[in-house]
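Below, chain A partners chain B and then partners chain C, in two separate complexes.
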Partner chain A sequence: MKKLINHPDDFVRESLEGMAVAHSDLIKVHFEPNFIYRTDVPVPNKVALISGGGSGHEPLHGGFVGMGMLDAACPGEIFTSPTPDQMLEAAKVVSSGAGILNIVKNYSGDVMNFELAAELALSEGMRVLNILIDDDVAVQDSLYTQGRRGVGTTVLAEKICGAAAERGYELKQLAHLCRQVNINGRSMGIALTSCTPPAKGSLMFELGEKEIEMGIGIHGEPGRKRMPLRSADEITEMLALSIIEDAAYTRTLREWDEEKEEWVEIEIIDLPFKKGDRVLAFVNSMGGTPLSELYIIYRKLAQICEQKGLQIVRSLIGPYITSLEMQGCSITLLKLNDELIKLWDAPVKTPALRWGI
Partner chain B sequence: MSITKKQIVQWLQAIASVIEQNKDYLTELDAAIGDADHGINLHRGFQKVLTQLPKVEDKDIGSILKTVSMTLISNVGGASGPLYGTFFLRVSTEATGKEELTDTELAHLLQAGVTGVVQRGKANLGDKTMLDALSPAVDAFAEAITQGSTIVEALSKSVQAAEIGMKETIALVAKKGRASYLGERSAGHQDPGATSSYLIVQALWETLN
Partner chain C sequence: MKKLINHPDDFVRESLEGMAVAHSDLIKVHFEPNFIYRTDVPVPNKVALISGGGSGHEPLHGGFVGMGMLDAACPGEIFTSPTPDQMLEAAKVVSSGAGILNIVKNYSGDVMNFELAAELALSEGMRVLNILIDDDVAVQDSLYTQGRRGVGTTVLAEKICGAAAERGYELKQLAHLCRQVNINGRSMGIALTSCTPPAKGSLMFELGEKEIEMGIGIHGEPGRKRMPLRSADEITEMLALSIIEDAAYTRTLREWDEEKEEWVEIEIIDLPFKKGDRVLAFVNSMGGTPLSELYIIYRKLAQICEQKGLQIVRSLIGPYITSLEMQGCSITLLKLNDELIKLWDAPVKTPALRWGI
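Moving on, here comes the complex of A and B:
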C-alpha cells in the first residue's frame, strides 16, 4: 500500500482537520462525535439539511457543506456508515427549529443508523424526515436485495434541495422535492481498478490488467459483471444505455410518517426516460480517473443522448462522489424541469461546489 | 429460577472476550460476502462496553442494558451497530427497575429484543442474517422454559438452535445487507452476523453454566 498518510487510524481525523483549516471561512469540524457544519448555523427559519455516510467518497459529503447545500455532514470510518450520535449532535447544532431533512444513501448500515438518529432527534422534540436516495441501476432487483444503492444522484439532490431550503421550502415540500430528484435520477458506474482502504491495507477486490468491473457501487464492492477492457466509447455506451433503457423501477422505501408517528413503507416508482426529456448529465470520476478521460466519456455521452432524443441542458463533470483512488467513472442522468433547473443554477458556496456568487 | 444482575454483567463481559477471541474470524467471514469489518466493528463496540460497565453495574438491569445499547449504537456503526443496539435497547426497556429476572421474564425480554431487530432490519428468516441464529435461539429458550426446563437447560437448547441456524446460513443466498448485492455468489459462506449472534447466545450459556 502506497498512500499519503501518517497512520491508518488517523486517516479520517487528520483529513477532517485539514478540511477545517483549509475552509475555515465556510465550515467548522466537530470531533467526537465527528461532523462538519456550516459556520453560520443555525440559519434562521431554514430547514437544515444533513447528510452523511462512510468516508472515502470525498468531496461527498463534507465538501458540500455550505451556503446553498448541506448544513452538516457526518463522516463515518472509511466505507462504514456514521453512527446516530453524530447525526444527533449535528442536528442539535444546525437546527433552527424549522426541521431537519436527512439525505440518506440506501445502504443498510446508513439507513438504519439514520433511522435511529431520526428517532433520537424526534424524542428530543425536533422535526426530522429521512429521504433515501437509491439511483444505481446496476442493482436490478429490489425484492431480493437491499435494493438500489445511493450514488451520483445524491450529489445532485444535495445541491437542489440545498438551494430550495435557502429559498424557504418548508420541511414537507423539501422532502417531496428530494423524492422527486431521486425518482428522476439514475446512475451506473464502472471500475478499471480496485481501491485500498488504509485500515485494510489491501485491495477491495482483484481486477486483472485487462479487466473492468461493470456496475460497481462506491464502496469498492464488486459489481454486476466482470468483462474485458474496451474502448471509452464502448464503455460509455454500456453505461448510458443501461441508464436510458432502464425500465420503470418499483420498490418500497421506509419513511417517517409525522401524523402516524411511525415508520411507514411507501411505494415509489421511477419512470423511464423518454424522448424529449431535458436532462442534467453528470460524469463522475471514482477518484483515480483524470478529467481528460471524463471528457472523452462526456463526448460520447452527449452523442448518445442526442440520438436518444434526450436534451442535455446542464452538466457536471469531475470527481464528486469517489471510491478513494479507484480508477473508473459513473454516469448519472437526472431528468429536469423548470423548477429543478432554477434550483440547480442557484448560488452555492461550499468547499467543492461554488457558483453564482 | 432467576438470573441476577451480577450474572448479566458477567454475560456482557463474556461477550466482549468471545468477540475479542473471534474478531479476526468474524472479519474473515465478512470479507467473503461483505466488507471485512464485522469483527472490527463489534470488537470496538464491546471494548467500549467494558469501559462503561463499571460506571453502571450498581444500577438496575434495565439501566445497565440501556448503557450497553447506547454504547453499541454509537460505537459499532455498520449494520450490526443499530441492530444489536436495538436488540439491547428493547431488552433494557423490559428490564427497567429490575435487580433480577425470572426465567419467563428473561424469555420474554429476549423475544422483545428479536422483535426489535426485525423491525429495524426488516429481514425475514432465511435472508442470511443474524436473525437466522438469534431468532431460533430465543424461540428455543422460550419453549424450553414453558416446558419447565431450568434456565441452564433452556440455554443449552438455545445454543444448539443458534448453531444450527448459523450453519444453515452457509447454503443461503443473502437477501438483506451488503451481502445481498452478491446475489447467488453469497451462497457457500457463513453469515458473519449469524456467527456473532451464536457467540452472544453461547456466552450467556457459559456464564450461567
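Moving on, here comes the complex of A and C:
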C-alpha cells in the first residue's frame, strides 16, 4: 500500500488535524467525537445544516463546512458511517434554536445513525429534519443501500441549501428545498481503477487491466456491469444517457413528521429531464483522475446535452466527492430553476468551494 | 493504458475544448496555435501576463487564466514545451500596449521558446519581459533543465503578479515583483507512483512497489534519490527540511535588458528562510493523491514550521501543478511580506482559483 500516511489507525484523525490548522479561519475540528464545524456557530436565527458520512470522499463533507454551506460535518472512519453521538454533539454545538437539517446520503448505516441522532436531538428539545439524497441511477439495492445510493447531488444540495439557510429559509422550507434538489438531481459514475482503504491495506475490489466498472458506487459497490475499457466519448454517452433517459423513479423515503411526531414514508418521484430544461452539469473526479480528463468528459457531455435540448447554465468540474485515489469519474445533472440558480450563485466560503467572498 | 480519453493525438485539443465550453464566462480558447485567454482582453492599460508550458500539469496554466491572474496561457503537448508562435499569437491578442510579462518555468525548451517569442513580439513593437521561475531545491541540471527546475512557486507567482497587474503595476515593477517571488519561494516534490503520458502509452518511469522518488520533477525527472516508502511524517520532514535548511543558492538567469536591448545574465540569490519569517505553505498533489493525504502532510509541515520559527500566514492545499495521475505531492514555502500578502488576498476569478468575487 503506497500512501502518504503514518499509521492507518491515525489516518482520519491526522487528516482532520491538518484540516484544522490549514483552515483555522473557517473551521474548527472537535475530536472524540469527531466533527468539523464553522468557527462562527451558532449563527443566530439560522437553520443549521449538518451532513456526514464515511471518510475517504474528501472534500465531501468537511471541506464544505463554512459560510453558505454546512454548519458541521461528521466524518466516520474510511467508508464507515459516523455514529449518532458525533451527530448529536455537532448538533448541540451548531444549534441556534432555529432547527437543524441533516442532509443524509442514502446508505443504510448513515440513514439509521442520522435517524437515531435526530431522535436524540429531538428529545433534547431541538427541531430536526433529515432529508435523504438518493440520486445514483446506476442500481437499486446495493451493498450498503436500500434503493438508490446518494452521490454527487449531495454536493449540490449542500451548496444550495447552505445558501438558502443563510438567506433565512426556515426549517420546513429548507427541507422542502433539499427534497427538490434530490428530486431534480441524477448521477452515475464509472471506475477505471479500484482504491485501497488504509485499514484494509489492499484493493477494495479487483478490476482487470482493461476492465472498467460502469455504475460504480463511491465505496466500490458493484455498478451495472463490468466491461472492457471504452473511449471517453463512449463512456460519457453511457453515463449521460443513463441519467437523461432513465424513466421516472418512484420511491418512498423516511422523513420525520413534526406534527405526527413519528417517521413517515414520503413518496418521492424524480422526474426525467426534458427538452428545454436548464441544468447544472457536474463532472466529478473519483480522486485519481486528472482534471484534463474531466474536461474531455465535459466536452462530450456538453454535446449530448445540446443534442437532448438541455441547456447547461452552470457547471462544476473537479474532485468533490471522491473514493480515495480511485480513477474514474461521475456525472451529475441537476435541473435548475431561477431559485436554484440564485442559491447556487450565492457567496460561499469553505475550504473546498469558495466564491463571491 | 487506462484513461478517460479518446485518441492520444486528440487529448490536448479535446481537453481544451472541454475547458472552453465549461468556462465560457471566463476564458476563450484559440486553436492552431493553441492558447487560452481571458474573454475581456486586452484589459486597458494593464500589463498582460502570459505563461505556458507542457500540458499534463492541469490546472496549471490554463486554469489560472482570468481576472487577477493570467491573461493567457500557452499549452504544449503533454510534457512538451509550447512553441513561439503560440506565445506570439497570445501576446498579440492580450496586449493592451502596457507591456507583456512572460512567467516562464525553468525548462530549457520553455526558456528558449519564450525567448524567441519575446524577440518576435519586440520586433513587432511590444514591450516584453520574461521572468524565470526556478524554485525546485531537489537537484540542479536535470533532464530538461539547466540549474533548478521551476515548479510550485510558479502558481504563487501567477497569482501574486496577476493581482499586481490588476492594480496597475507597470511592466518593470511587475518583473521585479515576479523575481522577488521566485527568490523567496522554494519547493520540493516526491512521487509514490509514475504516470502514463497518453502518446507514450506506458509509464514514464518505473518505480518499485515499495519505492518512492524523493525530489521528483513534474515530468518524472529523477530527483535526489530513490528510497523505500516512508511514513508521511518522515517524507514531510525530508521535503520541508530540504526547503528550509538549504543554503543560499546563487545563480544567473537570463532576462531581457530594455536599455541595452539584449539578453543579460542577472545574478539571483535565494535567501534561506529564517526564524520569524511569515510564509505561505503550499501542499500540492501531483494529481493522483487524495486531499485527505495532503492534509496529513500539511499537519506535519505546520509542526515543522512552528519548530523552525516560521509563521504560516497563508496556505494552499490541493492539485494545482500536477503530473497527470501521478501519486505524490510537493511542498512549496514562500516567504511573504505585507505587499505579497495583500496581493495574495486580492480577488481572483479563474477556473481553478477563485475568491473575493
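In the analysis below, the second predicted complex is superposed on the first by the 351 of 357 C-alpha atoms of A that agree within 3 Å, B and C clash if a C-alpha of one lies under 4 Å from a C-alpha of the other, contacts with A are read in each partner's own complex, and residues count from 1 in each chain.
Everything that follows uses one rule, which is that a contact is a pair of C-beta atoms (placed from the backbone, for glycine too) under 8 Å apart; a residue touches a chain by one contact, two chains touch by 3 or more.
All figures in this text were calculated on a predicted structure; none of them were measured in a lab.
Chemist: Chain B or chain C: which reaches more residues on chain A?
Modeler: Result: the larger residue contact count on chain A belongs to C.
Chemist: After superposition on the shared chain, which partner residues are touched by A:G18: those of chain B (first), chain C (second), both, or neither?
Modeler: A:G18 contacts chain C only, not chain B.
Chemist: Looking at the overlay, does A:N6 come into contact with chain B only (first), chain C only (second), both, or neither?
Modeler: In the superposition, A:N6 touches chain C alone.
Chemist: Could you tell me if A:E115 is touching chain B, chain C, both of them or neither one (first, second, both, neither)?
Modeler: first
Chemist: Is A:L171 touching the first partner chain B, the second partner chain C, both, or neither of them?
Modeler: In the superposed model, A:L171 contacts neither chain B nor chain C.
Chemist: Once chain A of both complexes is superposed, is A:F79 in touch with chain B (first), chain C (second), both, or neither?
Modeler: After superposition on chain A, A:F79 lies in contact with chain B alone.
Chemist: After the superposition on A, what does A:A157 contact: first (chain B), second (chain C), both or neither?
Modeler: Neither partner.
Chemist: Report for A:W355: first if it touches chain B alone, second if chain C alone, otherwise both or neither.
Modeler: Touch partner of A:W355: chain C, not chain B.
Chemist: Check the residue A:L291 against both partner chains and state whether it touches chain B (first), chain C (second), both, or neither.
Modeler: Only chain C is touched by A:L291; chain B is not.
Chemist: In the complex formed with chain B, which residues of chain A make contact?
Modeler: Listed in rising order, the residues are 33, 76-77, 79-85, 107-109, 112-113, 115-116, 139, 141, 144-146, 149, 199-200, 204, 217, 219-222, 254.
Chemist: Please name which positions on chain C make contact with chain A in the complex.
Modeler: 2-7, 11-12, 14-19, 21-23, 55-56, 58-59, 63, 192-193, 209-210, 212, 229, 231-233, 235, 287-299, 302, 315, 317, 319, 322, 324-325, 327-329, 349, 351-352, 354-357
Chemist: Flag every residue of chain B that touches chain A in the complex, lowest number first.
Modeler: Where chain B meets chain A, its residues are 35-37, 40-41, 73-79, 81-83, 85-86, 120-122, 173, 175-178, 180-183.
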